[in-house]
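There are two complexes below, and they share chain A, which is joined by chain B in the first and by chain C in the second.
Presenting the complex of A and B:
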């Protein structure tokens, strides 16, 4: 087996049952519906898609914050798909998460230092005496100062809070970090600082990132390999340059054409998409994208296309590309 | 040169807050021509929204805010008008579209009623007239099945649809000036593309002036003709889009442009970093406001504040070293 493979997920389905008077019993929101992917040491996997496509749910499922309805997740060869909370705790340190909104993901009543000390206390890996030193070290690593130890989250700026969020994720010395829109809430100048921090840490610690974002330009910059999601399905996956230069799936093409470029001379041909995302409660039959697809044919409404390799390492789920 | 619909001269807005009196906008001047889209860009806390809300005079003037300078709408100074006259202008001659459509629309009224409201107030329409016009407005902003949407509530619509309803509300009285404050920030890229296309199209069709406030330089590059860049309550650079993106004159603009990754750009070429963050309004540095973060700062920058000067290229820039830096390039 490939030495650098950290996590392998096969045919992951995460369904949420809906209760209530509108939906009949047994109805489910199929947030993630049959996704397979592999994550490698030292690499970044970018996951893109629009609101509600299931990218966050997938990220949370992969590190077992959620339990999948079907499928298998292998962490370094160990099947963690249905681990109990007790067993999971032993593996938590290896998989961490950075959230989008560092304000609501940090406890407002604790000092920054206490928030960081707490992760070490739960882990019990480091003797009590050494914890303080470790926390001060990580604060400098992420570009904060030792005096931030006694600050509350509300006293920090957005960028500083995100640094605390990253410090917390780094403390258990994980191999894999799921970054769920880590720079989306930040201003342009701060965003590039955080991106640089993430890249530096990746290099020095040989980390694997699952980088979830709706911002195509940031993903192009960060990721080695990119997966595009639509309505709970992975519709295309390829190495970053290949995907951005030769997008095969019609949805990827639409998505890329909609991204504005900071150059007033380029006038792109924009593919404008009709309508809105269908409800995941009542997804279309066949290919999930066929209701809005410019290339849709009858076959698309009947048969779900499989992921197949159209070029080396380039996977696409479409009958026609 | 076209006719100016709006001219802002030396606008200063200061607000009373818990932390004392803060000057959020300091000596801002710009103009908007008829049928033109002006981009107002900057990071959060740089005074873009305060500027736009000052134009509408939306702050509590008895307690909170003090304005100085002039805001001329078609030659008439809005800051000198009594509140009664200002009410006639708001929503009819100047209209605004906000970022968060869910909290800006009233949840207990249908979309149609909200579009009709300003038409009935400002244009004196009867219910039937207003209804007909409102359905037309919904059609104009590209909403399918406008009759049905007319009687739906905001929560029944998707984000993109709600943003269209907001635009319909704003345009219902055919304003001469539309202020769009981050109209697409909360939306997905595909929806953002739709909404921006709509704003550009309506701007041409109705020949109104538009102020597009955004932090997204890429959106500006695609839609605006002129851009003003704000930093800490001041305009630091103003230019036409072409020159601003090709040879930005102010170090802040340069830094911003180099720090955005692009979809077409190569991977992992170093992103430029502007060190530090935008300071608080209560801690405005002496001299040039960008000096503490500026890689080109000279001793003179700490002494006096640079004026907004015009370069030979026609760009206006607030920097002592702009000329020298543009020649060095």
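Presenting the complex of A and C:
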């Protein structure tokens, strides 16, 4: 098991200093506040949670697009937590990213082919003459045609653009790809195609995905292991089936109860949350979820629950489960 | 491979035709560029076009009226042919306009790009720009000319300094918008360096805004050069420029109207042409107006 470990993150905290608040100077938005997780070769780790819970920030921190305030990130045993841009350069190819918005993630002034060629030019691993060949190959790999080489991004559909985005992430031959809501901007009909493409590529290249999404059904389909985030904290983590069958954390239960079922006759009890997500500028004391938790008790507001194993491989941070 | 390169050729030709059609449909751009081309042609071929030496004095013919033999547009107080002087004056105006337009574009864009990218640099550079733009541009140019001494090169230098802050500001704000797009983050995630991101990706994306501003700078610098020469701090005396012809004409405005009217018309036409060209360019390059 340990041999296939690619990335190990411990107690990651990414805080953004707030400017312009004179009275509260020195305050930070605690976007990610102490998350630990491990990513394995050939596996998909699904990260779920509502908007603003820090999923994307965590993903960007793990591949060092952002520098964590605290914690350590080990890539294959190398501590890349505080690498300078120069040293990071050498590791960039191993961790890539697929972005949510297929429109703004491609430079509209360049041909699709040139965008991909540039990826190879940045990596400098492939001799100039062979680059064209590789790009044409990857275009067909992701289900596009060689003709698309000389197209501009605005001439492509959303799905095709996302395919270009995936091709760009695949070209450096990474081991880990962070997929930041790669299908949420796409039509439902195109979604399944892109997901199938991602799964195909994972199988043939033995890739590890960190799959960030707020769509529970997509995550259930894609992921081997799932982490649930709330307000910068990981509140529950388990293998996919275990998590969906036996959710332990009240927040996970709420999330799952909000997933629509295709069968209109089943009447599942929906748990509706009260109130809004607390501000990450001024998070609640104790358990971050206690302000909205249906099971909240006095202890929850005072003491932060630790992540503990409630079943083999099933971690949860709640005093009551 | 072979059929792919033919696809490329095909697409390129199609793109060119589209761009050409779009340009020709825009009357402002066509008119402006025509005026500009004529001016440039005159500037380059002034020695061939001018009927006489612009510096040759024939004092007996001083203040010859327009239409007198050999003086199509009249003569000045030293009997020099006004037409030749105006044609040669175009050289000064076009040189100044082009040089100032280009240098303020390149330097302003460089300042703007780096200011947009580095936060700390941003504050320093933009405060300097604030300081410079607080001084009225003609006044600043006069002050600089007083320090540098009058010559065509110094006019170019002074006007570039005057127009760089505005250009820097405009390219900075455009670059800030592009910087926030996801493809910049994608480039970072691939390990692209700052130089590549700034010059290969952000620069082409802000070029349309910058080029339009450069064309206005072109027009403005023609006017300001004329103003400087008129005030006697621009292009030094024997060399003809529209500004110093006007300046000489001021003394004899009641006797020799042509000394004011013709160089004035030339200046107005050049400035109007470039401005209209700029407007047309803006309409063509701005995707929102289409």
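In the analysis below, the second predicted complex is superposed on the first by the 318 of 321 C-alpha atoms of A that agree within 3 Å, B and C clash if a C-alpha of one lies under 4 Å from a C-alpha of the other, contacts with A are read in each partner's own complex, and residues count from 1 in each chain.
Just so it is clear, a contact is a pair of C-beta atoms (placed from the backbone, for glycine too) under 8 Å apart; a residue touches a chain by one contact, two chains touch by 3 or more.
Because the structure is predicted, anything quoted here is derived from the model rather than measured.
On the superposed chain A, the positions of chain B and chain C stay apart, so the two partners fit side by side. In the superposition on chain A, contact is made by A:122 with chain C only, not with chain B.
Between chain B and chain C, it is B that contacts the larger number of residues in chain A. When the shared chain is aligned, chain C comes close enough to touch A:168, but chain B does not. Shared-chain residue A:107: touches chain C; no touch with chain B.
Taking the C-alpha centre of chain A as the apex, the lines running to the C-alpha centres of chain B and chain C meet at 80 degrees, rounded to a multiple of 10.
When the two structures are aligned on the shared chain, A:147 is found in touch with chain C, with no touch to chain B. Touch criterion not met for A:297: it reaches neither chain B nor chain C.
Using the contact criterion defined above for the overlaid structures, shared-chain residue A:92 touches chain C, although it does not reach chain B.
Of all Cα pairs spanning chain B and chain C in the superposition, the closest are 10 Å apart. The residues of chain A shared by its contacts with chain B and with chain C come to none at all.
Across the complex, chain C is touched by residues 63, 65, 88-89, 92-93, 95-97, 99-101, 104-109, 118-119, 122-123, 132, 136, 146-147, 149-150, 165, 168, 172 of chain A. Residues 43-44, 158-161, 188-194, 196-197, 215-222, 241-242, 245, 255-257, 259-265, 267-268, 271-275, 277-278 of chain B are the ones touching chain A in the complex. Chain C meets chain A in the complex at residues 1, 4, 7-8, 11, 181-183, 185-192, 196, 200-201, 204-205.
Of all residues in chain A, only 50-51, 157, 159, 187-193, 195-196, 199, 214, 216-218, 220-221, 240-241, 244, 254-265, 270, 272-273, 276-277 touch chain B in the complex they form.
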